[in-house]
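Letters A, B and C mark the chains in the order given here, with residues in each chain numbered from 1 onward.
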């Protein structure tokens, strides 16, 4: 959330790379969806099935696909901006109308900062935050209230660490990283060795590296590596309550929906898309561009090739659908089997009679 | 937890709308289950299968169904209270014997309160809590240690916000709401638009509204709406570690067990009952009174009608059971098929011989 | 994480109960896996399939199974230590080379400690931590920044409570317990009684007991008992984001992987091994030594006997595999059925022609 700005249609159009149809001076100061938009609001339409709704919308400004406007009557209090990708243009409009909240840089007097920590002058450290020894916080970064940052942690520039997140010692995050409330980076991985007495902790002395432009949802946990590092690659986005085990290597631009769990030493290559509540056995490898449906389960050591995967254990979506169709036909198969038995018996009886 | 009170049987009976059998003056000062109850304890029995256990219980006071006592011998140190619904009466007894912990109202000196925030005189703000600009905290509400409340947040009367919860800017909660430790309200929804460069954040500028009498379990996350609001309706109860995505609309008196995940724009109507670890695809709609079993999976856009649903993807419970029964018979079907092939071959051979 | 120590090979060998082959004076100051190890590092090899990699490793010291070295050429800058269980010896080496981080004992000036709390002189209480009335913190225990400890909580000796964890009133933990960031102990169990008005809270007045040597992962939640106690037995290890409902009784040396959810009143006996994302219906009982695969689902009230279990609902692993094999053969069964129908028809026609 942030404070709203105001903008004229004539200012907005070039910023979203679009062509303005209507009066330049119309003032815009909000965003809304087609149905709830009112005066001053920018809305967008991309899919043809919503064109009708769009035409009825009370939005002051509609971001529309190229060619949308031709033949539409002009209206005094409504403008159109034709763009190649309206939804993308809408996200750009959002960043102008709702710019990220600005904080006065500075360190809140209740924050506890180690004398050896290095906090950029333009960074903000909120109330009751804690920054450990030799930690670095980069330019323009915001560390919100109640965040605990361990020793030797590195935070890049323009990051936002939301309240009550915890970064254990030695964790490193890049630039423009967003960590939502309660995110936990660098807790010990789950590894033990058993003997007669019980379980002994396998060393968990590696680290966690979060690259630039990553966003992690609330309460998502990324464990430190046993040895080496656990990595989330540049531009990846993880939803709430995701678990990433020790030594995982998540590539760039990977999307992972809520509550998915990733066991130790899993590799997910670039551009994979992972649904919610998926479970990965350890040492799985997901190849570049694979798509895994929600609630899927992947057995340890499996290699997941490009394509769309579904089910427990996963199979190609088409195979999954076929199997489900077969499952649905089980009662009918059973009936057919019964019928065949009857006919078989009749034939056998008939032949026996003839003997 | 709270401090125990003491009460006589004669005081308790009218408070639970029951009929006392036994001495009024017996002192009661605790609650227990039938097996562990001892002197001074109130216990209850509702189901007939536990009547035997109840008769053997050492509880000083038993809340029992009407008619339970007839013919039972009186005991000097034991009373019965006959009520229409013993378990419900037990919850009432609990609120008398273990009244909610009282805090002296006031703001702990270590809390950081924005000068523009409005805190009721009877509210309590705990150590190291943070209350942002223009936030409101209503009468009798308790904001525990380490809670972070953003700007423009509204908290009604008689709420309890347990330690280390985070309420992002602009979130609104009603009266008598209980948020357990680590609850996160108003983190950004999970929405992005992709182009060649990677993922761009779709605007997440809506809000979260939690209505009266809602209780949310530890670490449950409710994301803010992209545009508009995410809502949890009056009297709904969510267990621990639940994820509610952006723009969801959860109705009144909805119950959701632990670790269930609800994608964006899902509508759950009043009085639905949802098990644990259920996954909802986006834009699902659950109609009033539907019941969904634990671990179920619902495909995006699905409409779930009243009735009991189970499985991945969900189907009516009866169909699910039938399918499972069919699955169990697969080995037998396979045997039958094999047997039929044999008999078929025999018949064919027999006929060929005759030619 | 902790500060590295240095050790000679001659010092290490007796500490891990092994036989040194090579020079005693070689200095060791790190741990690594076979592939990444370099000068000064200790690595281990246990399984024969990695022997080749081990021989090529640049580790200064290899912990190896007995008999591994015979016939290998001696090297000036490399030693071997033969031990009965190399991986176990490696964990022992880790505790020497990376001893637990030492904190100066003491209470941070920003911590808020009730005057009636009893903190051992050798304990450490971090910044912004809160310790409630009559709470006890034992010798050598570390309560990190932002942790909130309620009234009447008992923490044993040599525990580590990581940042932003919350312990509600009355919770008790034993010695050498590790609670990772955000752990929540003692939130109200999820129990309500419904009447016409909606849901009323069933009393949640019991407690939580965590025995010695337990480790709980980040954001794991253990709810207080309704009446009585919820227990995690000695030496059990729970991963991140696990949910343990009210009144559960988890035995000793039980291992539970991430995101598993355990409903109320479940009993898990000693030495059970539970995968990730498993769901337990209430009143389940898991007998000693059972192993439950990831993503399994267990129906309420089920008794799970020793052996390996898998699936939703669970079945013995062998049965699960057979069922999956049958499922995979469904398309073929369907083909066979179709073929049989054809042959049946042909036979019937043939016999009819003869009449």
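Convention: a residue touches a chain if its C-beta (ideal position, glycine included) is under 8 Å from a C-beta of that chain, and two chains touch if they have at least 3 such contacts.
Since this is a predicted model, take the numbers as computed values, not measurements.
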Problem - Angular offset of chain A relative to chain C [C-alpha, multiple of 5 degrees] - result: 120
Problem - Type of chain A:chain B copy interface by residue overlap (half), same or different - result: different
Fill in the blank from the handout: dist(centroid_CA(chain A), centroid_CA(chain B)) in Å evaluates to 26
Completion exercise
Within chain C, the set of residues that touch 2 or more other chains is 110, 128, 146, 164, 182, 219, 241, 259, 277, 312, 327, 330, 333, 337, 340, 344, 347, 351
Fill in the blank from the handout: Listed in rising order, the residues of chain B that touch chain A in the complex are 110, 112, 128, 130, 146, 148, 150, 164, 166, 168-170, 182, 184, 186-188, 190, 192-193, 195, 198-203, 205, 207, 219, 221, 223-224, 227-228, 241, 243, 245, 259, 261, 263, 277, 279, 281, 297, 312-313, 322-323, 326-327, 329-330, 333, 336-337, 340, 343-344, 347, 350-351
Practice task
Provide the residue numbers of chain A that touch chain B in the complex, in ascending order.
Solution key: 1-2, 31-33, 36, 85, 87-88, 90-92, 94, 98, 101, 108, 110, 126-128, 144-146, 162-164, 178, 180-182, 213, 215, 217-219, 234-235, 237, 239-241, 252-253, 255, 257-259, 276-277, 294-295, 312, 324, 327-328, 330-331, 333-334, 337, 340-341, 344, 347-348, 351
